Structure formats: C-alpha cells, structure tokens
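What follows is one structure encoded as structure tokens, with my remarks underneath.
All chains are identified by letter, namely A, B, C and D, in their written order; residue positions are counted from 1 within each chain.
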Amino acid sequence: MAGSAAATGALFPALTESCRADWQAYVGHAFVRALADGSLPEACFRHYLAQDYRFLLHYSRAWSLAVVKSDHLDDLRQSAALVDLLLNHEIALHVEVCAGWGLDEAALAATPEAPANRLYTRYVLDRGLSGDLLDLLVALAPCGLGYAEIGRRLLADPGTRLEGNPYRAWIELYGGKEFQDGAAAMADQLDRVAGRRGLSAPFERSPRWPELAESFATAVRLEVGFWDMGLAPEG
Amino acid sequence: MAGSAAATGALFPALTESCRADWQAYVGHAFVRALADGSLPEACFRHYLAQDYRFLLHYSRAWSLAVVKSDHLDDLRQSAALVDLLLNHEIALHVEVCAGWGLDEAALAATPEAPANRLYTRYVLDRGLSGDLLDLLVALAPCGLGYAEIGRRLLADPGTRLEGNPYRAWIELYGGKEFQDGAAAMADQLDRVAGRRGLSAPFERSPRWPELAESFATAVRLEVGFWDMGLAPEG
Amino acid sequence: MAGSAAATGALFPALTESCRADWQAYVGHAFVRALADGSLPEACFRHYLAQDYRFLLHYSRAWSLAVVKSDHLDDLRQSAALVDLLLNHEIALHVEVCAGWGLDEAALAATPEAPANRLYTRYVLDRGLSGDLLDLLVALAPCGLGYAEIGRRLLADPGTRLEGNPYRAWIELYGGKEFQDGAAAMADQLDRVAGRRGLSAPFERSPRWPELAESFATAVRLEVGFWDMGLAPEG
Amino acid sequence: MAGSAAATGALFPALTESCRADWQAYVGHAFVRALADGSLPEACFRHYLAQDYRFLLHYSRAWSLAVVKSDHLDDLRQSAALVDLLLNHEIALHVEVCAGWGLDEAALAATPEAPANRLYTRYVLDRGLSGDLLDLLVALAPCGLGYAEIGRRLLADPGTRLEGNPYRAWIELYGGKEFQDGAAAMADQLDRVAGRRGLSAPFERSPRWPELAESFATAVRLEVGFWDMGLAPEG
C-alpha cells in the first residue's frame, strides 16, 4: 500500500486480508490499470459513468438505511452527512463530469441499470435489512474504502500517467485528501460500530466472522463485476 | 418458579434477572392475580381480549420480520411455523373465545388500538428494523416466555382457583403443555441465535449487553402497561 | 390561518380538514397558548426540550427511511438534505438552547424516552416499513407542517407576547422564514409523491384515503399526547 | 394459454401483456422445452435444483416481508400460510427430490448462490423495502404465477412427453391442482391488494403503472436469467 498508507483502522485490513485474491482482483483490475495509463477506451468510461450514476442513487439509499439503523449520535451524524454529500454534491459533480464526456442527465436517467450494478446495491441493502448496522457497514466498506485505496495507489505509483491522461480528474478525485479523509472516517466508524456490536480482535474468533468475511468478499467480487461490466460496454 | 420449572435456556434467565423488579411487576401483576382467583371484572377481560386481538396481528408481523432477518434454515422454519400458528390458528381460537364473551369479529376489528398496545408492538418492530435478529428476538421474548411463566406459575400455585373460575381456559391454555413446549423452543432459539451473533455467557461482559437488557426491560414494562390497560377499560 | 397563509399544497389541507377537531386540539393546545403568553412553567419547557431531543433522533431516522424509500432524485435529495439539517444543525442548535435552560448534553442523553414520545416515532417508522413513501410522508407531516402552522399563527396573533417572553426564540424559530420555507417544500413533496403514487383530488374517493386519513389523525393525536406530556413533567 | 386457462384475475394478465416478449421468453424458454421433452441434460437440472434451494430460502423471506407489510387479516393469513408451506413443506420436498438426483442437503447448503439467483431475490426484497405491499406482490408474481402457467401449458400440450420423462414429477407438480389453486389464490390477492392500494382497471392510466410494469418485466427477465443459468451449469 506504499508509503502513503492511510489510517484504515483494524477491522478493514482484517477483512481485506481474509479475501486477498478477490481484493487484488478488485483494486488491481484491468479497468483500473487502463485508467492509470490513460488507455481505457472512452466508450468503456462512458458506460461506467452512466452505470455509476445509477449506482450512486442506490448506494445513497443503503447509507440512509445505515442512518435508520444507527442508535448513537455520532453514527447518525456521520452517515447523514455522507448521504447528503452523495446526493446533493457528488451527484451534481458526477452529472457535470458526465456532461464533459457527452452524457447529459436525460441520457443518464434513461440508461437501464445493468444486472451487475443492480445486484451489488440490492445485495448491500439486503445485508442491512437482514442484519444489524455492522453487517451493513461491512457490505458498504469495499466501495468507499476500495476506491480510496485505488486512488492512493495510483497517485503513489510512478507508473501512473497524469500528464495528458483523460482520466486524471478521476484519479485525483479518489486519491485526493478529501476522499482519503472521508475513507479514514469510514474505517474509524467500522471499528467503532464493531466494538459496540461485540466484535473485537482477534476478529476470526467471533462466531460472526465467517458471515461478515463472506459478505465483505461478496461485495468485493461485486466490485470486480462492476469493473468487468465497464470493460464490456455492450455486455 | 416452583418445581414445574421449564427448560428456559441461558439467556432468558439472565435477561429476567437483569430487570427483576420489572419482571415481577409483570408476571405477578394484579391483573394476573385477579385471573387466578377469578375476581377480574368481566369488562376488564373483554377489554383485554379486544386489545389482545389487535396485538396478535402486529405481534405476528414482528415474528414475520424475524423470518425476513433469519439466515439459517432452522430459524426460518421455526419462526415461519409460529407466524402461521398465530395467524391461522391462534387468531381463530381467539375470535372463538371472544365470541364466548360476547365480542364478535366486527366488534374486535372496530376496537381502536389503545396507545399502550400500539406502543408495544411498534417498539418491537423497530427493534427488528434497527437491529439484528437477536435484538428482535430479545424484544419479542417477554411476551411468549412471560405468558408461559405466568401460566406455569398459576397452575403450580395451590392458591389458584380453577373450579368455577371464568378464566380457567386462559390459565390452562398458557400453562398447558403445548404452550410450554413452544416457549421452551423459543428460549432455545434465543440461545442459538445469541451464540451465532457472538453473545455468550457471561452475557454481562458483552458490549451489547446494556442495550439488550434495556430493550428486554422496556418490553417487560410494556407488558406491565398492557395489564394496566386491561384493568382500566375506560382508560 | 390569517393573512400570512403559506403555500401548503392540496393534500395537506385535505388531511387537516379530515380530522379538524384533533388538528385544533394540536395547534391550539394549552402548551402552545402558554408558550404564546410566556406563562408556561419552566419545568414543563425543560421536560419538553429533553424529550424533543430524543424525538429528533428517531424523527431523523424516519426521514432517512424516506430516503431509502425514494425512487426519484428530487425526493432523495430533499429528504437527505432534511436529515442532514436535522442531525448536523438542528440537534446542535437544540443542544445549545437546552444548555441555556440548564440542561447539558449528558442530562439530555440520560433522560428516559417517555412513552408518548416513543410511541409517536415508532408508529411513524412502522408506517414506513409497512407502507410506501406516501404512507410514511403522511405520518411525518403533522410534525413539520404543524409546527410551521403553530409558529405562523403565533407570530400573526396580536395576543402573542414577544417582549420579555422567555419562549420568544421558540416562536420565532418556527414562525420564521427558514422554517416556513422548509414546511412549504415539505407540502410540495407531499403533493408530488401523492401524484406519483396515484392519489389525486378528490382524495376522499381513493381507496387509500381512509387509511391515510386515519394515519394522519393518529399522528396528530400523538402530537397532542406530546404536548400533554410536556404539561406533566412528572408524568 | 390453451383451453385450460386458469382464473388469473385482472391485474396479472395486464402485467404479462405489458411485457409480452419477455413473458414468452420466460414461459417458453429452452430450459422449459427441454423439461417437456425430457432432453434436458441431468447436470443442468441438478444445477437448477441446487440454485432453486437457495432461491426458496430468500423467496420465503420476501413473502415474509409481505406479511410484515400486510394490514388486512386476509393478507396476513394467506401470506403466512404460504411462507409456512414453502419453508416447512416445499423445502423438505425439494430436499427429497434433490436426494433422488444425488444432491444431499450438505451439497445444497454448500452450493454458492449464483449471481443471477442472488440478483433476483434481492431485487424483489428491495421492492418490498422501498415500496408498498402491491409493489412487492407485483415483483413476486412472475415466479409463482409463471410456474403455474408453465405447468399448465406443459400438461395441456400434446407435444409434452410424460412417459419415461425424468422430469415428469416436476411437470406434474407445477401443472397439478394444488399448485394451480395456490396460483389462483395469489392472482386473487394481487387484484384485492391492487384495489385497496388504489389501482384499478384500466391500469395503464394509473401514475403507478409504468413503475409496476417495469418492475414486473424486470422480475420476468430475472426468471429468464435463472433459466439461462440452469442451461450453463459451469457458468
């Protein structure tokens, strides 16, 4: 994770360690490498952007479910601020970026939700409906914390091309301080909620561990499926 | 609890112990004592029956939420059988009992849900929405397991009058083998789910304990409020 | 409603009209009148403030459930902004006001949730779990839209005493432009969602009307119960 | 639909009509035709059976959510009986059938949930979380009502081979009276709930129609995806 390692708590590293191969397949995916060297076909990026727009809406719903499931003021506040950030700022930013790539908001709204996209968010929502706040946060973690790790890696990697790279803004967004700070807060919340819900290190000894690790790994594989989808715009 | 003690698992006794005074106020309530000696005014029993009918509908919804939140076949099966028993057998029995006391189904359906009644079931449902299966089962426990303890105590108590007691059928229903067996299975489920969710003895050491004990005690106090309501039919 | 009538949509007036006596009991409650002339005992106001703090937390959870249940960007955005406003601004303001009345945050957190308070929020949350977004918004409406009407009435009423009234800040908060604008947006959302869910004027002809009107009236009566609780700080 | 047309209510035919091509792709799928003439490779059927086992668990959870979302005794009872039937009878039957095909319960439990399978049930569950009982029932309809139509068609089709067909039991199960009666009751419930939720013919004029039709069509396409998965056991 290079010298730019961020504070990522205790539970998150244990989760990524428990599904190392899947995690690597996600953060080192061909889609990511093609963003890094600027070789990603524009059609792939546009397909990804259009799906990501739909993703953000349901991902925000899942974080709102985290608010519904919170019983401490700090969790209520942190998740509520994130939902507002996602829906009232990120989406607007996203729409702007899409416009720069030739996708207007009507085109975005008209794009059918791809199965790999729909599967991901509905799986996460169901983790929240069936489990507790910890189950939900664990299923939500691969997205925010994974994108932070990808952004950080790409910025730290001398092989990453920034000059003239059409995807430079994407790399700098997720590698940038604001997103990194948000991810660190998310990792802290994960540890805090784990502690309150009775999960402490060594995590592997908890009866909850197999299910939590499986759920995290599933969400990581769904991220891989999302990148795969991005590479196959006609899929 | 007398010599007729039932197998009630490990978690349930720890929960009742954690709110001993509230628990005694519930299982030894004046309403219960008046059932035992047959002195309860009929208007009180009719009021209780009409409210209990509404209670059963929402209590069944809460047990259905337990099915939604189950991820093991044994829990899915046990809770589904209970919901079916409640809605397709108990309710019919309840309607029949009510008819015997001069309340027809239209009268039952027309009875407004009393605040103490509504508060109880909506609180339990929210424990399921906000927490996990264990949170929900703990909030559900005082009703089924408490009625079983009340029925068992009354049948074991030489002071209980059965001959000529208009409430004899009520006492024999909840003290009877079928209900006692159901309650024992419910206590077993509570222990089983606690184990899977990482809660084991000594329960008091778990970070989850204060919230679980508080939630159990709240439901117990809501049962007390239900008896209070029964004693005040015009309330 | 005086000359300062706000834009309150079409559905909201139909709902208040359907339970006129309950509505008047709410917006013209003795607690409100005692705020208006400054005669409310301080102990009552402190009791109300402490309960209102707990109310705000669960009320925010219910609005978050509205985000979970939204499928249009405008609803997602509007409700998310409201939840963030409530948890990251209103609560802080509320804590500050409480401090001015001698209640610190520890005292607030330690105040047990009164039954009338708990019943209200859990009832609203269950309307969201059991129904659709419209069912939830209708149960949420009496609080935000009722406080706006109360604030507007008090400011418009020449009998209201502002000079030297210890509750002047409360009156000016809810009667003020910011809160009035928020309430108008809430009434607009109610009409918009009603339209999308197939409910249009004349509302009374819809098969959904009896249940929606009953649910609105129930929430109004729960507001009355909240004021009653405020007047009985030892209750 | 041949002369053996069953009573299928009013809403269900309107929904199938609204996505005729998708519906035909589902009920006339190559998997179904290969069941009808007995040509389906055994590996495909075993793959289908193992996935269908996992499907039944989450499908039961979705029907339990329908109980949670019901506010009329008839809906509570009908859905509760169905959930109990699914979990305490169908699953046992399913396990028995699987055993006959060489799949024991441990093998079933160990089979990972295929993405097409997981997507289907989680999508349906989210329709229940985000919408009302009608939204949920519409998303649930393609499975039960579609299998009934498939069973009825196959039994009525002279081209179906029953003698010596290894899949004869499957055809006779879904074409048989018990399943047909259950499906007719489900179609009745759909109409009844639609009426209560304000949806009546001509359905297309309701503002809710586009979303309901889209949701139904989505579930139908997820059934097509389930058959596709069955044909590709290594997929």
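We take it that contacts are C-beta pairs under 8 Å (C-beta built on N, C-alpha and C of every residue); 3 or more make two chains touch, one makes a residue touch a chain.
It should be emphasised that the depicted structure is a prediction, and the values quoted were computed from it without experimental measurement.
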item: Chains contacting each of chain B and chain D, listed by label; value: A, C
item: Of A-D and A-B, whichever chain pair has more C-beta contact pairs; value: A-B
item: Identity of the chain that, by mean CA position, is farthest from chain D; value: C
item: Chain A and chain D, separation of their C-alpha mean positions in angstrom; value: 33
item: Distance from chain C to chain A - Cα centre to Cα centre, in angstrom; value: 36
item: Computed distance of Cα centres, chain B from chain A, in Å; value: 43
item: Chain C: positions in contact with at least two other chains; value: 61, 68, 70, 125, 129-130
item: Residues of chain B touching chain C in the complex; value: 61, 115-116, 118-119, 122-123, 125-126, 129-130, 225
item: Of chain A, residues touching chain B in the complex; value: 68-71, 129-132, 135, 195-199, 206-208, 211
item: Chain D residues touching chain B - in the complex, by the definition given at the top; value: 57, 60-61, 64-65, 67-68, 70, 73, 76-77, 80-81, 83-84, 86-88, 91, 125
